[in-house]
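Pasting a structure here, questions to come.
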């Protein structure tokens, strides 16, 4: 049981950590820059939202499967497949939770006051420093919200995971897959226990969220 | 095919429309008020995110099923069950997409400058008017983003829907369910066609999103 | 921990979800007696077949019913060893209340809603459809049938009171003691529900073969019977 | 008694502790930066809740910690123009100004919308968004918006800082006029003593959250403690007069009471009313009639009162029935030996008289 | 030649069309509200791209539409203090000020951090967040932040509007000192002619997006077109002197060149350097030595030059080697019959001399 929870957290945490830099970058591209092909980019990142996760799973199976280039590279480098490992679970969780994280970040980035970025530039900060020290901290709330939204979604990810990582107890079975298995076997009370664990995890995430927001606010108002 | 698309849009649109007022209200409660039991409320609304949608589906099956109070009321009022109808699909889509919509709105609401609300109050606007005419328009971008995020998620909803509404062609089969069926039957090319349709729908949604944002911005900068 | 991929001492078994409990028992016994370990990936048989066809690294496939196995060989061009049968199952009708009178299958016509697994998506649905067609109920029940995503979903529809009855496997019915099992489906009205097992070719065949042999031993046959299989 | 305040409000290291009463008209709040002026206004408007105390407007209790009363802002009928104009960014100029106007019952609308627009010269920017307005434009919109809502009390937190000088004088006059004609009471925060002297009827001086002095604006002139914050050179006399004559291309004459003042050229017609401003410090007092002097005005009068502060003396001089304050150092006073009732001549350059014409 | 500008920038109904060159020191930009002052600064800082034209700082091209050059803001080394202080809300006062300071190479750091902090009196608020600062506090932090980044050119957009008067004079002096001692060039936008006269070395007057005049700040005094925007009563002479004597509890004496001025009491020690400010309009010119007059200062000198504008004449008077501008109406000039070279007496009240001491 502890193993199951730890695996779930590991998968979701890794997925979230992979997503953060990409989501911040894409969020910035879409939220604060006027780039060409914005629509195409937005479509690509939003797609996992509009498709049933199982279908996303099949795409991933083809993309990182044994016979794919990525699968081969993994074989070559680590002597191991990606599919049917917790890495595959993390990839699935990452892809599916990405649109949520990035959307929240886009909105937050759009809310940042240009005058402040301009001030930073006039004080000698280049675009990257301005981004890291001004823009990013100014969308702290949205950023934290986006990251934790992504994390919660990653913890709950089921459809794509079961396809690309399978439902292998002790190896790739995360809490949602375990819940599904229990429900399939009619073991309702065991399923309920797992649902309670999911709920507790969600609550802990929300408490961390609050703590981060309060901490950020306190810091800036000290 | 046209029927399938129309049903999908109908289901997602109804789900979204149900969600908007509730999400705006809850978003306001959480984003701008210091209420008691905030954490409990946040947990409840985030839960559908952290659980596999199939499980959410089973909960709904109990909640709006034939033997539930809600089911009985529907029987009494419309002479019809909710489960296994498009209404059930809409409810499933609504519940599953709700956390996304509300999260985006919370972040947007937190970004509104208190001084502006205060100004409105000092000009004689009561809290409700201030909310409708100042707060809400000021989180226009976040609001639009949240609503369309919810809509896209609703269009892609699968797990809870298949449980509570079944997969009945012409009656409750939405695009994701159809994609699932095609994939299960190994009819990959038909599945791909449906995926393309999903993608197009997502693109249209994004175009509408852009149009709404640009329109909102132009309006305020005229 | 076994965090990265399948080690060489492992057999990866893709198995129908309905076999979860019994196979977990099998695994315990197998690993006591053998050097190698077994990893299961449980899911809907059709979904598993699709995954295998898309390159999922399973060594052994145990399907609920023949159609997924057929799909794998005929439509997906996956090479497998010759198949054997691990167990059999049978169809029953479950209801929630005892009051519903179901003396024979023709009483199904008196009900309002009956759930079966979706014939195109799940083998259980395929067999249920066979039964209803062969008993000439199919046409008359059209408006009363609810297709569930899988057999477990059909069972849950009964449990939650959303349908009056469902046609499910015996083994599934046995997991829900509070439901009424009605053995009113003639075993002649549908094909033999077998659980075929096959080794996926070009995989670790020797280990896989050892596991398959173990599974087919009489000791294990007893185990299956205790779970309601035939 | 318009506003009654007796409140305490603490922030970490800052404590506001004010007990004051304001009368009809315009009350100035004067004090150095970070003395708590904005905080006080926030409490009056209902944006901040005092820690304890009482606030009443026209005898209606707005806030009372003992009575557990706190009327919401929108029902206090108190307008607020912020130090940094808080315009609604999603609305045009027109809709900003209309916001409060449309919420006001017709019977209570005291100003005509069109008049208000032209008063603040907003005609040309009415349909623009507010996000790209210049600093001065913003502040004008904010003022118009507040007046449009017909408040009973208007709080003005340094509203003129970003206006150019001629327009600032003009707006000051208009605010005064609005206050008089509509009977609208105002509380006006400013660092500028000339704005204070020109505009307000009474003044409350605060420093570090405490009330230092309260009363007639002349207290700014004779209260030793207040002296630190006051820039005496900008203390002004505002006189109401009539255009009397156009003397040349550069000079006009204005009659104020029985006195005739030579002023810079005016564009108004003869007979038109006009206000002029004269800084107290610009006036030179002489015991004898001077000659061969560049100053255009030499006015005969007598000293009706002397207000002595630590360093300065402010002479209330009666010039043909009109009262004019002249500022002298105490030293000068002693040296000249001027006493109450003495006859004197006030020497005043034409350029020291600022006509307060609308542009 | 410090800054060379020749740009066009259009917004919907507004067009900025400026061709100007600034020299070493402080250049003032003077113009009515919405005339394009902030827009011009935005183009210089690189926040807005002109539609076409050229901007060069110390001969280095910052922007050129023909050369397709547009150096990014952070490499322009141009500081900017906004009309509404744009402080970083997520950082403390300290971290705001440090922001640019830490980005500056040590060799280029021209001011000592501690000095800067005490110059703007920020010691007590260093570790506070900036969101709750008062208006004046915010502006002081913004000024300190800009100077900390050691810019080559500092753009100041009405930075003193929310400061109280004594402190404003003090900051003006400090800005001037910083500009002189560090050789830091500044562009200073203000509506206030006295801030202009007190601070800037040259001035550009703009109106409705066009340059109206350019040159010595005295042009504000003798350009008819400019006259509309100018409040002559606040034109000041800033003189450097030394504390000479403490005369009484209210008066001190300051020597400026060969002249001795009686001023309000100073707290400085005898021998200390001090700047004093005298408004041109406060000076009365007399052909004869007056007597029995309240004014503390009667200075003998001669007229070295007369600047005649449409309505006013500004006399450059030489008082023992020190130049002082006195403002007269043209009418007075004629009546007194004053010509270049004439001997005159300047009459000046002690209160008309503002010592610019730090508080």
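Letters A, B, C, D and E mark the chains in the order given here, with residues in each chain numbered from 1 onward.
Rule of thumb we're sticking to: a residue touches a chain if its C-beta (ideal position, glycine included) is under 8 Å from a C-beta of that chain, and two chains touch if they have at least 3 such contacts.
All values reported here derive from a predicted model rather than from experimental measurement.
A.B. asks: Steps needed, at minimum, to get from chain A to chain B via touching chains?
C.D. replies: 1
A.B. asks: Hop across touching chains from chain C and tell me the fewest hops that reach chain D.
C.D. replies: 2
A.B. asks: Which chains are shared contacts of chain A and chain D?
C.D. replies: B, E
A.B. asks: Please find the two chains that have the most C-beta pairs touching each other.
C.D. replies: Ranked by contacting C-beta pairs, first place goes to D-E.
A.B. asks: Relative to chain A, which chain has the most distant C-alpha mean position?
C.D. replies: D
A.B. asks: Please tell me the distance, in whole Å, between the geometric centres of chain A and chain C computed from their C-alpha atoms.
C.D. replies: Averaging C-alpha atoms per chain gives centres 34 Å apart.
A.B. asks: Distance-wise, how many Å sit between the C-alpha centres of chain B and chain D, to the nearest whole number?
C.D. replies: 55
A.B. asks: Would you kindly tell me how far, in whole Å, the mean C-alpha position of chain E lies from that of chain B?
C.D. replies: Result: the chain centres lie 59 Å from each other.
A.B. asks: How far is the middle of chain D from the middle of chain E, if each middle is the mean of its Cα atoms, in Å?
C.D. replies: Those two chain centres are 26 Å apart.
A.B. asks: Got the chain C residues that touch at least 2 other chains?
C.D. replies: Chain C, residues with two or more chain partners: 47, 50, 156.
A.B. asks: Counting only residues that touch at least two other chains, what does the list for chain B look like?
C.D. replies: If we look for residues of chain B contacting two or more partner chains, we find 58, 180, 183.
A.B. asks: What are the residue numbers in chain D that touch two or more other chains?
C.D. replies: Within chain D, residues 128, 132 contact more than one other chain.
A.B. asks: So which chains end up touching which?
C.D. replies: A-B, A-C, A-E, B-C, B-D, D-E
A.B. asks: Flag every residue of chain E that touches chain A in the complex, lowest number first.
C.D. replies: Going through chain E, the ones touching chain A are 45-47, 72-74, 76-80, 82, 86, 88-92, 99-100, 103-104, 127-129, 131-132, 145-146, 149, 151.
A.B. asks: Over in the complex, which chain A residues touch chain C? Could you list them?
C.D. replies: 54, 58, 61-62, 65-67, 71, 78-81, 83-87, 162-163, 166-171, 181, 183-187
A.B. asks: Could you pull out which chain C residues touch chain B in their complex?
C.D. replies: Going through chain C, the ones touching chain B are 46-47, 50, 53, 71, 75-76, 113, 118, 120-121, 146-149, 153, 156-157, 160-162.
A.B. asks: Given the complex with chain D, which residues does chain B contribute to the contact?
C.D. replies: Those in contact with chain D are residues 113, 115-116, 118-127, 129-130, 133-134, 137-138, 140, 216, 219-222.
A.B. asks: Can you name the residues of chain C that touch chain A in the complex?
C.D. replies: Per the stated touch rule, the residues are 2-6, 12, 14, 17-18, 20-21, 39-43, 47, 50-51, 54-57, 150, 152, 155-156, 172, 175-176.
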